[in-house]
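One structure, as structure tokens, below. Some questions next.
The letters A, B and C name the chains in turn, as written, and every chain counts its residues from 1.
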Amino acid sequence: MRYVLNRLLFLVVSIWAAITLNFILPRLMPGNPAAIMMAKFQGRMPPQALHALEIEMGMASDKPMIVQYFDYLRSMVTGHLGLSYTFYPTPVSAIIRQSLPWTIGLLGVAWLVAVVLGTLAGIWIAWRRGSKADAILPIGTMFFQSIPGFWLGLILLYFAGFLHNWFPTAHAYGDDVTPGFNGRFILSVLYHGFLPFLVVFLGSVSGWIVGMRNNMIMTLGEDYVVFAEAKGIPTRRLIFAYAARNALLPQVTSIAIALSTIIGGQILIEQVFSYPGIGYQLTNAVTSEDYPLIQGMFLIIAVATLVINFIVDMIYGRLDPRARRRGATS
Amino acid sequence: MTTRVSGFILCGGREAGIDLAKEVRERGDVGRAQAVATDKACRARQVRGSVVFRNSVVRETCSRHENLSGHEGDKMKGDGIVVKKMTWRVATLASLAASTLAAGAALPTVASAANPQPLVVVPSPNGNFQYNFNPFTASNNGGNYGTLGLIYEPLFYLDNVSGKTFSLLGTKYTWSNGNKTLTVQLRSNAKWSDGQPFTSDDVVFTFQELKKYPAADTAGIWTQLASVTAKGKNAVVFQFKTANVPFAAYVLSQFIVPKHIWSKLGDPTKVTVTKPVGTGPYTLGSFTPQDYKYNANPNYWGGKPPVPVVDFPAYSGNDAGNMALAMGKVDWDGMFIPQIDKLFVSRDPKHNHYFFPPGNVIMLYTNLKNPLLSQLPVRQAISLAIDRNALANKAEYGYTKPASLTGLVLPNNAAWLDPSLPKSKTQPQYNPQQAEKILQQAGFKKNAQGIYEKNGKPLSFTLKVVAGWTDWDTCAQLIQQDLKKIGIQVTVQEQQLGAYNSDLGGAKKNYDLAISWTNTGPTPYFLYYNMLDTHGNYNVEQLSSKEVDAILADFSQTSSEAQQKKDIYKLERFMMDNLPSIPLFYGPVWFEYRDAKYTGFPTPQNPWINPAPWQNYAQAIVLMHLKPVQ
Amino acid sequence: MSSRIAAKVQEAAGPLDRQDKVRRRSIFSAFIRDPKALTGLIIFSVFVLVGIFAPLIAPYDPHASTFMPSQPPSWQHLFGTTNTGQDIFSQFVWGTRTSLSVGVGAAVVSTLIAFLIGVYAGLKGGWVDAVLNALCNIFLVLPGLALLILIESYLKNTTPVLNGLIIALTGWAWGARVFRSVTLSLANRDFVLAAKLSGAGSLRIMFAEILPNMVSIIAGNLIYSCLGAILAESGLAYLGFEDVASDSWGTILMWAQNGAALMIGAWWWFVPPGLAIALVCTSLTLMNFAVDQIANPRLRVKRRARKTHVLEGGLQHAAQS
């Protein structure tokens, strides 16, 4: 219980930190975003609109900073992320609701496949250490991880989309299908998602392979494994029940940390494939200087990462009793 | 009755020129505010490589004023000429003002079953679409394309390219009471897409909404209007506070919403509209954040639209949009494309076409408050040192031409060009040797770093451009290199749009050199007024010349075209002799199309209407003139 | 990745406890002897040399648009020219200098921050540790590129140097976490305690006592941060958030994409910078791989295992069954 509370506290503190960062950054940066917005309106908005904008952006200048800060905290906590400038008067939260499923879908699938395949491959090459596969797989996948995702994405887009027309060049599903739970739509989503999936997958699988390989090798050297081996436990059982099970633990903690990296990479990949997720909205918001949307997108990405991190911590706690006892020190 | 329309053009020619001029001066920034309204919409959509937006500024200002053009008006005295100048299809619509056509019988119609292919339109780069077809939002911000035009219609559409007036919900209008009362006859056969009839009540209601909710009145209509009343079911009377003929342009092009729906909705700017009901040729078909479609409105007063489905997909940036266009997935496009002949035309020369009419003048503004830039020889040297052909060919891919030193947009303003000016003088020269000579004659000497200086002040300037408008960013770099060659040091500063706007457009200008646009209008007066008048809306260089102000005032007060021309001639000479800022090249309007499915798009030979798919109302008129390929 | 922490903690706590200076010296030779590391080192060195001697190698001014635009590769222009007539090879060479400087610079700065925070937290313990650790965890889970984009949206078109700095300031957490763990295990060793008792200040202990005992971990962190920084910088520049007049690989890619390089078939404009990034990052990965193996002897047992390790038996067992 203490462990859960501890992690919960950390979750709350980090979300608070993300919100605070969102509050501080516009104030640290040169230029007042509200004034910049006003400049864009070039006199079309009445002077009182500046005030409205500042309130909307949580920076009413007549209030002391601390009051502004708590106003901002309150509106964030109650889910009032403001209204998008680009799509005025659409609330930022509505735009997030629209794009979040795509990001989670693409990311989730690519991530899951990478974790499962990567971990299995890691187990395999750790067992077959010194084999050709052990020599090629980590290095080969690492090469893909070293390629900038957007660059690989663009090459694939050009080659498999533009040049050969094997895959669509934009969007999450075809313009001729009706979104909903129907076969054509699902097929279309899979078809459209394949290239972005491939890029996210190739960019992240290496970490799992190498991580699992190293964990396995460490575990295979543990006395209890050696002992089990000596006792003549069948290989399959030895690998999965004895070694892999324990080698998996550190992988679980990596999941959350890797997530923030993957999300980052995915922003670019969504942009490349015009995939209608959060990253695509974020980059568009930046180019159109839609500050409420930028802040909202950042916040949702941060909160999502933190929440997943929390869930992973919970799972980890269940898997490893030591973690529960150690509490929040790690 | 067509004469009424032409009459409008006539008034709009002379008086309108004056009145609108005064108007712009008095009210300051209506035109600009309009420009900004659209500009924001466009910018919102605009991603890297975005020449798109700058033209939107132009297009908006143009659309507001150009149709009032004097010379255009004169050319079109009488409907006969109008008709002769146009193709039959154009004629059918342009003379819709004629009541004989009010029934819409002459509009081309084709059974959709014969050719069910949707027309795919990409006006500009776009992120995910938002499910909101609120016309009040559309005029403010980034509402979805087609809301204005395909669904909601105004009384008239005043085109900025052809200068023609197209009749939509209004059939004719008359001035009375010393040009203070405007009576508009309404189309009697128009229906809302929910079946209710369109009446004068709807018009009055729409204008009352603008009065009640000033946030919706982006054109500032109620600053000039005193009252709006219905005169029977099919006529509306607008009472102006003072005679202001050109201002009618704003009133006539106000879109109309159905009273029976909007009267229940409250503040129209805060409404989310997912089932728009309009009078236009289309109704909303389907919507997803990455694609929406309009279906032909079979009961459209103008007849059944020839294109059954119009499809608007979202492409995040120029890259994705260009790729789709190159692959033949887009039929009508308003985006910038690099190397268009190679990338687009050559892939299907039979069907892939483009046409980039000039929109405005792109200037290198020189801050006249800068003690060095305020010296004419320095500006002359800069102008001579810039290789404008290289700018046009390298940065703009040869899509445009160096601008005339007179400040006119040619050939649009050709009728205003002083015939006594030799072409060799109006065309900019590239002559770095001469530039250095001018500097030396003015007493500048090269310092140790190879930079010209006088009294210890080196010719070293910053050059501001908008970050991400890559063609201008390239221009800035080219200019930097050109000026370095003649011993002028330039530091390029790319700014985000907000900061750039406040540095150039704000009360306190903070720049040395900057690349920026001009706000054009139906006559060259607007460009000159905005740029050169002491109180001009876009007087970026901060010229304050009694001589210029007097010429502009004279122009605004005279109805004699001869006198107006004389004034413009004077301004042309002033521009050339004093070079208050440096014209670079014309800003093009992007328009690409594929005629594999439908033909009938405007062409350079027949630019009968603004061809850009982002041009509200014009796009619907173009759609009604397309013909399916059999 | 946590496995790496564990491995490093073990390594630092284990053999180094014996103050094995000889072993420390052998780290470099072990590094050189590893074929992966050597390959990585050679590739990386080539790029570093290109960066250092950029002014000598680049045939033209990278900004001069004085050539025929849109030319394919030729002897005059190894990588062709841009649509404005700039020599892409010259841009590439100068870009090498910029991108590597940003990568290495960001790596050094972030490793320094990570070292200071991580080691200080580990040494001090108590509430200092708790606060620093929480801070570290927050930075660790906040999505890096999203944070960078958020910052860039306010700064816009920053110089590569500033970008590198921002990347460093947002990317130190991982290293700090590793350093802290290692420090925790070192903090109660005799030599640290002795230094403490002799009245040495925190900074002295950190740099004189702790630092020499985590050289390989620091090296690993440097390599890892450099890789991340190069990738992040290229992404930011590609999105157009970097000064478009700068010469970095990402900026070249941005311009190439802007000029629709791939679609018009100008692969020579688009491919070299991306491939260079991939090569540099691969070389870093290879080196990191080797550092990992040096830091963690068990991962290195590959060859010895063939003879003695239980795993060999396992393999035989597997083969028999």
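Keep in mind that, in the parts below, a residue touches a chain if its C-beta (ideal position, glycine included) is under 8 Å from a C-beta of that chain, and two chains touch if they have at least 3 such contacts.
Since the structure is predicted, the reported quantities are computational estimates derived from the model, not experimental observations.
Chemist: Starting from the Cα centroid of subunit C, hunt down the chain whose centroid lies farthest away.
Modeler: So the chain farthest away from subunit C turns out to be B.
Chemist: Out of every possible chain pairing, which has the most C-beta contacts?
Modeler: A-C
Chemist: If you average the CA atoms of subunit A and of subunit B, how far apart do the two points sit, in angstrom?
Modeler: 42
Chemist: Centroid from C-alpha atoms only, then distance subunit B to subunit C, rounded to Å. What do you get?
Modeler: Whole-Å distance between the two chain centres: 50.
Chemist: Could you please state the distance in Å, as a whole number, between where the Cα atoms of subunit A are centred and where those of subunit C are centred?
Modeler: Once rounded, the distance between the two centres reads 21 Å.
Chemist: Where does subunit C touch two or more other chains at once, residue-wise?
Modeler: Correct list: 240, 257, 263.
Chemist: What parts of subunit A, by residue number, touch at least two of the other chains?
Modeler: 30-31, 33, 162, 271, 283, 285, 287, 289 - these are the residues of subunit A that touch more than one other chain.
Chemist: Taking each residue of subunit B in turn, which ones touch at least two of the other chains?
Modeler: Within subunit B, residues 48, 323, 326, 468, 496 contact more than one other chain.
Chemist: Enumerate the contact residues on subunit B facing subunit A in the complex.
Modeler: 28-29, 32-33, 36-37, 39-40, 43-48, 127-128, 130, 132, 137, 140-142, 218, 269-270, 272, 286, 288-291, 293, 311, 313-317, 320, 323-324, 326-327, 468, 496-499, 501-502, 505-506
Chemist: If you look only at subunit A, which of its residues touch subunit B in the complex?
Modeler: Going by the criterion above, the answer is residues 30-31, 33, 35-37, 39-44, 84-90, 94-95, 98-99, 157, 161-162, 165, 169-173, 175, 178-179, 271, 274, 276, 280-281, 283-285, 287-290.
Chemist: For a test of understanding, state which residues of subunit A touch subunit C in their complex under the given definition.
Modeler: It comes out as residues 10, 13-14, 17-18, 21-22, 25-26, 28-31, 33, 127-130, 138-139, 142-143, 145-152, 154-155, 158, 162, 207, 210-211, 214-215, 217-218, 220-221, 225-226, 229-230, 234-235, 238, 247, 250-251, 253-254, 256-261, 263-265, 267-268, 271, 279, 282-283, 285-287, 289, 291, 294-295, 297-298, 301-302, 305-306, 309, 329.
Chemist: What residues of subunit B sit close enough to touch subunit C in their complex?
Modeler: The contact residues of subunit B facing subunit C are 48-49, 318-319, 322-323, 326, 337-339, 342-343, 390, 393-395, 397, 467-468, 470, 473-474, 477-478, 481, 492, 494-496.
Chemist: Help me check something: in the complex, which residues belonging to subunit C touch subunit A?
Modeler: 1-4, 6-7, 36, 133-134, 137-138, 140-155, 174, 227, 231-232, 234-235, 238-241, 253, 257, 262-263, 270-271, 274, 277-282, 284-286, 289, 292, 296, 298-299, 301-303, 305-306, 309-311, 313-315, 317-318, 321
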